[in-house]
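Per-chain numbering from 1; labels A, B and C assigned in written order.
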Amino acid sequence: MAVKTKKFWVDLHPDGDMADVSAEAQAFVSSSGLSAGILTVFSVGSTSAVSTIEYEPGLKEDMLRAFERLAPASIDYEHHNKWHDDNGRGHVRSTLVGCSLVVPFSDKKLVLGQWQQIVVMNLDTSSRKREVVLQVMGE
Amino acid sequence: MAVKTKKFWVDLHPDGDMADVSAEAQAFVSSSGLSAGILTVFSVGSTSAVSTIEYEPGLKEDMLRAFERLAPASIDYEHHNKWHDDNGRGHVRSTLVGCSLVVPFSDKKLVLGQWQQIVVMNLDTSSRKREVVLQVMGE
Amino acid sequence: MAVKTKKFWVDLHPDGDMADVSAEAQAFVSSSGLSAGILTVFSVGSTSAVSTIEYEPGLKEDMLRAFERLAPASIDYEHHNKWHDDNGRGHVRSTLVGCSLVVPFSDKKLVLGQWQQIVVMNLDTSSRKREVVLQVMGE
């Protein structure tokens, strides 16, 4: 049983831009020497998120529209009163989607579906370099 | 410390049907010989989801209505332009709920509440046989 | 490789009250003697949730408002017909946010951002003492 951790950064545009990190994730599993276990993907920061999606431009746009229903850009946020900030919607969206994802692997391969990619999202209102932590644990 | 992985399938109706897999999950923990650790439940496919719920027909209906608020069936989805598909709402709902759940166990028992079941959801617009991966890791 | 489990309770007000458990979580990691691995935080009960947030009063209020968009207090819930209960919205909100969070740690430190706290939420319509399970696994 072993644990290996890797950190890297992705450059993302504001308000729902996402990066497909599936290839990095599988490469990290492959290079770990482990056969079975879990990969944890964690996005650092309270205006980021991690989930799975069929990564194609249409769905990316559909997610932006869903985020607008969940936490619209046009309404007031109490968070703005605290810091004179403008990213209340990004925080709310982050808490709803979550910043952590665990994917099992067996036979050295993540059990993702063919059209199921791992994405890291920047939900802040400015472009951000987002830190991503990959960690494998297994045997 | 050991890792054990099991895959199985559940037949589900379209648009939010769910299966309670708590019994399979606990049985897999019990049969693993492990005393403490984590169970990961992962649903394969970008129009599926895993979460916890009090599994009873009323709440299942309440979830369908909530999904309609999050990602209505009646609106346009950019995803449909890509594949001439009709399941954009299912993808959006899947990304919001998530396809992965980790439940700790100790004394060979999952730490779920009495009214807290593990469910796998089919969010696609057609009936699907959904693949579920269970993996235990612990000692 | 080792597994350690701890259970504790937090007293919470109804309908979206939340407790920042980041300090308990880091203390548990620090006292475990482990250097790298995962911390799992699980909230027991189908009207609770776990996520990350910048923990400050403004965002807490913003989350309550988002929950009202997702699952309003004012609408009917089929769940109420089953138990003559009034907490349908709390169940729906719990299933959407999720009851489980996995955070990696390395060099004995959780990889949370500076403004990213771990919170346990009570989404029930009455005050509740919520059970929280922390479990570390690693080396």
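By our rule, a contact is a pair of C-beta atoms (placed from the backbone, for glycine too) under 8 Å apart; a residue touches a chain by one contact, two chains touch by 3 or more.
Owing to the predicted nature of the structure, the values given are computational and were not obtained by experimental measurement.
Chemist: Tell me the angle, as a multiple of 5 degrees, of the rotation that maps chain A onto chain C over the C-alpha atoms.
Modeler: 120
Chemist: Does the chain B and chain C pair touch with the same residues on each side or with different residues, judged by whether over half of the numbers are shared?
Modeler: Different, since most residue numbers here occur in only one copy.
Chemist: Roughly how far is chain B from chain C, centre to centre by C-alpha average, rounded to an integer in Å?
Modeler: Once rounded, the distance between the two centres reads 19 Å.
Chemist: Note the residues in chain C that touch 2 or more other chains, in rising order.
Modeler: Residues 1, 38, 69-70, 96, 98, 102, 137.
Chemist: Considering the complex alone, what residue numbers of chain C touch chain B?
Modeler: Its residues touching chain B are 1-3, 5, 7, 38, 40, 42, 44-46, 69-71, 75, 77-82, 88, 91-92, 94-96, 98-100, 102, 131, 133, 135, 137.
Chemist: Residues of chain B touching chain C in their complex?
Modeler: Going through chain B, the ones touching chain C are 1, 36-38, 51-54, 56-59, 61-63, 65-66, 69-70, 96-98, 101-104, 106, 111-113, 115-117, 137-139.
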